[in-house]
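Below are structures written as structure tokens.
In the two complexes that follow, subunit A is the common piece, with subunit B as its partner first and subunit C second.
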Partner chain A sequence: MIDIQNLTKKVQPNQTILDNISFRVKKGELVIVKGVSGSGKTTLLSILATLDKPTSGKVLINNQAVHKLPDLHLSLFRAQHIGFVAQHFNLIEHLSVYDNLLIAKGALTNSIKEAKSDITKALKQANILHKKDAIVKNLSGGEKQRTAIARALVNCADILLFDEPTAALDSKNSQTFLELLQNLHKMQKTIIVATHDPIFDTLKAKTFIMQDGKLYE
Partner chain B sequence: MNKILLNQKVIIYLSIETLLLLLATIAFFIAFKIVKNWDINSFTPNQFTLERENYLFITLVQMLLFFSIFDTIYFIYVIDKLHLFIPGAMCAAGVINANSFGVPLLLLKLFFIFLLLLWQNINILDLREKTFPYTKIKASFFIIIFLALIAIIYFDINYFFHLKTNLPVSCCSTLYGQLEGQNPLPFNLDTKLLLILFYLLFIVVFGALIGEVAFLILLATPLFLYIAYYSVTYFFGTYIYELPTHKCPFCMFQKEYYYIGYLIWGSLFLGTFFALIWAIDALLFKIWQKKLKLIAQISLFLFVIICSSYVAFYYFKNGVFL
Partner chain C sequence: MRDSIFFQLILINFFSNFKKHLVTILFSTLLLFLLTATLFISDSIQFMLKSELNAQSDFVAKRVLGGDFVPMPKSYFEKIQNTIGISEANCRVIGRYFFDKSYWALIIGIDPLEPQSQKILEKILDKKSAKALLTQKVMLIGKGVQEYLQKHYFQNFYSFFTLKGKIIKVKVLKMLQGFGLNNIILMPKNLAREILGLLPNQCSDVAFNVPNKKEWNNITNKIEGYYFDIMLFNKDELLKAYSDVFNFKGGFFLSLYLSSFLAFILFLYTQYSFISSFEKRQIAIYRLLGWSIKRVLWLKLLEIVLIIFISFTLAFVLAYFFVFSLNAPILKLIFLGSDNLKIFSSFYPYIDFSTLFSIFLLFSLGFFTATILPLWRAAISEAKEVL
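The block that comes next holds the complex of A and B.
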């Protein structure tokens, strides 16, 4: 479960990006955060992904105030619990799909055999197994995204965060993504999607509106 | 202008000390804020800022430890080289005893490293937990460390400013030689008793490490360090120099003796420091750190083996003791 209380993020004393945000996401819930470009969605997701720290306020993930953990514990927590699919995917372009996942897996496993089977499973779930030996830079936008999703799944994270997942996709690929998203939802993953794409309006999900750093139900 | 202060090595040394003071001053301000305001259960902007600055603080103190070790080794190297400028000095012994600031300075510098190692040890224990349990202790402790550094800087300045190139000083043979009728050894020991005590204390410390008897380590290790100093200076040293009258803790830092002093004194301090820190952890935090213990054991064993082997090799070569 994710519990956010009075979360504020400022980059300068007078520039507030997130303004006193509070909300809760239950385990297995699918949540859409809608908002125009510049409203603060990416900043919010980065803080939930523990890649950025708040200026003030509480962020409890599975009852743990994550940003209060020492760096080493935080890295471990992030690797075990959080799968983040960034807008531009942040894959290592000159490596193969498989190796990108292996790097993400490497930190948490000692056994090559176990790593192999987890990677295959994640590639299957994200529907990209057939491209496992392809070099990332030769993939299409949709394939890159599915690689990033597979990477987010490889450590069996219970929380998945998507930043503008359909921004780089045509409408056919966007539909495919929506199907994949619903499959992940069925797997009881807790999912938060930040987007300004109206295609998500068709989805049955809890929706928040983000505007100038404030969050509305 | 004092010629010593224009010496390139002295300028480098004093510059490093200034840099250390700069790092420590920044760390001191953060430490002060942590002591005053740290509250891990608070979610205010101040606390989040302090948590970020805490990492800067840790990095600064770690740099301080790293540079201090090299700086102390360099200090010994510098005073050894300075004997060329000080009339009467044959090695670092004459230079460090040229005024009354030298010896306290060297002892303070060694103690400073011990304090920083102890700090780093607490830091490791702190970050191993999820709740920063020792962060306030660490910060308070650093304030003491900072005061020790101020004392070092005070002695640094006084020592080098009062080092004269026109005043003859005593060399090591006068400083450590037997003055008529006077025994330089503590507790009125003779050499035989000194050596018995040396090996006995080594066995006690080593045994206490194996048996993990923390309070015994805490008692016996400083005593071993004390006796080891006299044993090396007044006994083992003579075998390093192969001259029964040559008693000096410093000449062994010279090239003639293959710089063995760095290894001998280095292993002694490393071993005793780590043994003490192991015991402090066990008593204070109820944490028994295998790695620390192992390093202490290896270092102390190495120290005793090196010292003893100089005597043994001399005996094998010449068939007699000195």
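The block that comes next holds the complex of A and C.
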């Protein structure tokens, strides 16, 4: 499902962030990418999320060479297949939970009627339906994260990417997140989590270690 | 539309950036208000002038002696009346009456027995009042005259001084309604003659029609050939004279508007070139969620359309209220300040929609030109910037 071949990312000729990485992730697999800060985890996730392009190498997702797609097709691909939950969630703070999900839904459809049922479903899956009309800035860290997860699920994305998901959470919320992650895994979603938190060691998942731009299994 | 996510998001974005938009809306509304109000005034005056001139005779013949207009003997009128090609000739008794150094009104003598006067009187008077015009010293006055009389404690009459120093008390019979009758006094012809100092066998001038416009030049030459001291004015010349006065003022405002518009475009460009980190982040989130550059650009452009629409609607409503309800204070003095336009007291609500549409188009075009580049730059913001 995800096939990365000889992926290299350089920001300057002498500064290599990702160094000739290759790996495969099957459909429905849960993958943990571990590594210290600055090891290149976020860059790898942003390339997988089609937000960044590699300097060289291939990125094949669902057999599509996404690194070659033009903006219009790439945006559509991202909206249909990728759900990205960033470390600081990237929600629009002054809008409601519902409006944040509406923006995500707006990338694929223009019908509010159609969007409403999908939004409700995603909010239920992320266990945040009760906060549907709340303004994001008034939510707790855990609630914000569940909102971001609901947003990632609203377009039925089959690939979910999490960047340091527990970095902004306390231990109780981190535990709740792990339960949610397992539920998503049961839903046959392909999940990649970039983290340095040892809490993920308890999970039964394929684990990679990232160090100085190289990936070790 | 209410069922459209795109439309909802335009509103959400609009209110998210409301403070920034509010400044733009205020500036553009003010600019558009000034322009629209000027346009309403000019359209209204043009309409009133054309209507007024359409109701007048094609030609007016005046006698000039010693470089000034002097009364015309009735024999002139008879000669003109009998010229082939001329119809509805009228020996007019008309002249300005100065109430004081700052106010004058136009006295027009009417004879209820003359067919031309009958046409006018039928519209404004009942038979009883028309009869009073034949037998009594009465007058019909415009709004401006009535205001003057009330201001000077004359309620139902005014005492006119004649040329010979005599005082004639004339009763007010009725108020004249209509946009071209502000400073007009209609009274029996003989009474008007007495006040204006004309003899029974004299006219102030002669008004007449020439139905065949191709004959206008011939008739002018013929009549000017009858008498060395006669001067002819046709309707087109009058319209041109009015238009010149008016175009001068309109042009002045247009040049003012153009310079303000250029300043406004510069303001818009700087306003939208500065994209706050908040806006950048917002756009990056849209891109992160799968919105293409084209779609983000559309969203931003429609936000601009909303601003233009709000500004234009506000400006239109305000200008309409200012001109046609409040009677355009300040601007009225500038536009109706001329003696030629004193016959109008208020603005008739007439709007030329094609000019209004041109303003909208010109304004929108300028607005888009100033904002498209900054918006495009905002739309291509990299989504990874928020990571």
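Here is the rule we go by: the second predicted complex is superposed on the first by the 216 of 217 C-alpha atoms of A that agree within 3 Å, B and C clash if a C-alpha of one lies under 4 Å from a C-alpha of the other, contacts with A are read in each partner's own complex, and residues count from 1 in each chain.
Going forward, a contact is a pair of C-beta atoms (placed from the backbone, for glycine too) under 8 Å apart; a residue touches a chain by one contact, two chains touch by 3 or more.
Note that the structure is predicted; figures quoted are calculated from it, not measured.
S.K.: Superpose on subunit A as described above, then tell me if subunit B and subunit C fit or clash.
M.R.: In the superposition, subunit B and subunit C stay clear of each other.
S.K.: From the CA centre of subunit A, what is the angle out to the CA centres of subunit B and subunit C, nearest 10°?
M.R.: 40
S.K.: For A:Met187, using the defined touch cut-off, is the partner it touches subunit B, subunit C, both, or neither? Pick first, second, both or neither.
M.R.: neither
S.K.: Now for A:Pro54: first (subunit B), second (subunit C), both, or neither, which partner does it touch?
M.R.: first
S.K.: According to the stated criteria, A:Arg151 is in contact with first (subunit B), second (subunit C), both, or neither; which is it?
M.R.: second
S.K.: Comparing subunit C with subunit B, which touches more residues belonging to subunit A?
M.R.: Of subunit B and subunit C, the partner in contact with more residues of subunit A is C.
S.K.: For A:Thr109 in the superposed arrangement: first (subunit B), second (subunit C), both or neither?
M.R.: Only subunit C is touched by A:Thr109; subunit B is not.
S.K.: On the A-aligned overlay, A:Leu69 touches which partner chain: subunit B = first, subunit C = second, or both, or neither?
M.R.: first
S.K.: Let me test your reading of the model: by the given contact rule, A:Val36 touches which partner, first (subunit B), second (subunit C), both or neither?
M.R.: Neither: A:Val36 stays clear of subunit B and subunit C.
S.K.: According to the stated criteria, A:Val11 is in contact with first (subunit B), second (subunit C), both, or neither; which is it?
M.R.: neither
S.K.: Rounded to the nearest angstrom, what is the minimum C-alpha distance from subunit B to subunit C in the superposition?
M.R.: Here the least C-alpha separation of subunit B and subunit C stands at 10 Å.
S.K.: Let me check the overlay on chain A: which residues of subunit A are in contact with subunit B and also with subunit C?
M.R.: Common to the two interfaces on subunit A: residues 71-72.
S.K.: For the complex, which residues does subunit A have touching subunit C?
M.R.: 42, 45-46, 49, 51-52, 71-72, 75-80, 82, 84, 86, 90-92, 94-95, 99, 102-113, 115, 151, 155, 163
S.K.: What residues on subunit A touch subunit B, complex-wise?
M.R.: Residues in contact with subunit B: 5-6, 8, 10, 53-58, 65, 67-73.
S.K.: Which of the residues in subunit B come into contact with subunit A in the complex?
M.R.: Within the complex, subunit B touches subunit A at residues 40, 43-45, 48, 51-52, 55, 126-127, 129-132.
S.K.: Could you pull out which subunit C residues touch subunit A in their complex?
M.R.: 2-6, 8-9, 12, 16, 282, 284-295, 382-384, 386-387
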